[in-house]
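Provided herewith is a single structure, encoded as structure tokens, for subsequent inquiry.
The chains carry the letters A, B and C, assigned in the order they are written, with residues numbered from 1 in each.
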Amino acid sequence: MRVEAKLEELGLALPEPAKLPPGVQASFAWVRIYGDRVYVSGHPPLSPDGTPSGPFGKVGAEVSPEEGYEAARLTALAILSSLKRELGDLDRVSAWLMVHGMVNAAPGFTQTTNVINGFSDLIVELYGPEVGTHARMAPGLVALPLGVPVVIGAEVAIST
Amino acid sequence: MRVEAKLEELGLALPEPAKLPPGVQASFAWVRIYGDRVYVSGHPPLSPDGTPSGPFGKVGAEVSPEEGYEAARLTALAILSSLKRELGDLDRVSAWLMVHGMVNAAPGFTQTTNVINGFSDLIVELYGPEVGTHARMAPGLVALPLGVPVVIGAEVAIST
Amino acid sequence: MRVEAKLEELGLALPEPAKLPPGVQASFAWVRIYGDRVYVSGHPPLSPDGTPSGPFGKVGAEVSPEEGYEAARLTALAILSSLKRELGDLDRVSAWLMVHGMVNAAPGFTQTTNVINGFSDLIVELYGPEVGTHARMAPGLVALPLGVPVVIGAEVAIST
């Protein structure tokens, strides 16, 4: 379990499963496995107890780029938490393929690339460049579920 | 043809193929089949005759969340209409994988999750949880083609 | 090398690799190859020297729809440049599957479909309808990296 050893080495813990606020219904799966592919729903950053983690709002306005980077890093941990529950072992991921990084952006904010790096930097650190390096989109959205500053989804390949 | 029987049971009819307004050119395929995968372009909600269906505008402003939910449900029918034309039989879909649900959102609107549930709830009702449950993104966009309140695209697996 | 011959016939040259401005870090791969699939990151339109190409700003405001169309066409060339570097031969692409076309859109701008056609029209012209026709999303975003008017990513299949 190399990835989990690496997480521990970095002092990082995976959050509890996402707890959506009252009135928000998740009519979808956080993770959809099919053959050698895993489709990962858009995850918000989570607190250790699984509640969406602040600061809330738009990067470039209420949320600073540095806080946005940190939120993207927390979102990586939220996704790893979902993957671990479904796959058992995070080392089963054989390739990170495509990442859909979405930034809740103030209209004039153009540094979305650096924000989503908070996700990518951690994934590459944990998995190494060969498995971890991925293609990516990093647009700025006018609104995201729950008002979180970033939401990130992905497609990964697994060993079957 | 279980899915179509279920549609009839629910009193739901599939719309005609999408008719785009004059001046809008679709330089793409509504559905792209390759091997055991089908890539589904972003569809708008359609009226029975295939014209984009109102109400138009932004959810959280001109369009209510409930109307947005209903628009997402209509978009599911538009996608099923395209799939039926290309696949012949809707039962050929063996798994709904990833859904890109996009909400035309007013800046402060954070309930995009519930809006796209209008799509997901119907797909799971029609296909059952094993085939129908999917991963999903549900961001809020500042603008969508034609001014419709939702646009939804997807990737599904088919039996070949 | 049919696609490159076609490019030359059209008088089109591929730009240099993307050069991001100081302070923007790309913690991702422009192209991720895995098995018979290639995942293409969101690319901006590029000048011949690889720097992001203007006009910058929002389509429907500072950027006209026609300029947006041209930017989408330049983005196709940027993606082909990345694919050529990684694949060696552009003819290895056996199918364009899904395209994520994102328009930096003014709030009331609903003609995003026609803007992204600048990408799709060129790809179909270069590859022909059987290989080149793809499914597509074409939403309007409130912000894009670097302030460019369009960013486009994709998934394609290759012969292995």
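Keep this in mind: contacts are C-beta pairs under 8 Å (C-beta built on N, C-alpha and C of every residue); 3 or more make two chains touch, one makes a residue touch a chain.
A quick note: this is a predicted structure, and the numbers were derived from the prediction, not measured.
Its C-alpha atoms fitted onto subunit C, subunit A is found rotated by 120°, rounded in steps of 5.
Homomeric contact subunit A/subunit B: same residue numbering on both sides for under half of the interface positions.
The distance from the centre of subunit A to the centre of subunit B, each centre being the mean of the chain's C-alpha atoms, comes to 25 Å. Within subunit A, the positions touching two or more other chains are listed as 141-142, 155. Chain contact summary for the complex, subunit B toward subunit A: residues 60, 95-99, 103, 105-114, 116-117, 120-121, 124, 133-142, 155, 157. Interface of subunit C with subunit A (complex): residues 20, 23-32, 34-35, 37, 39-42, 100, 102, 141-147, 151, 153, 155.
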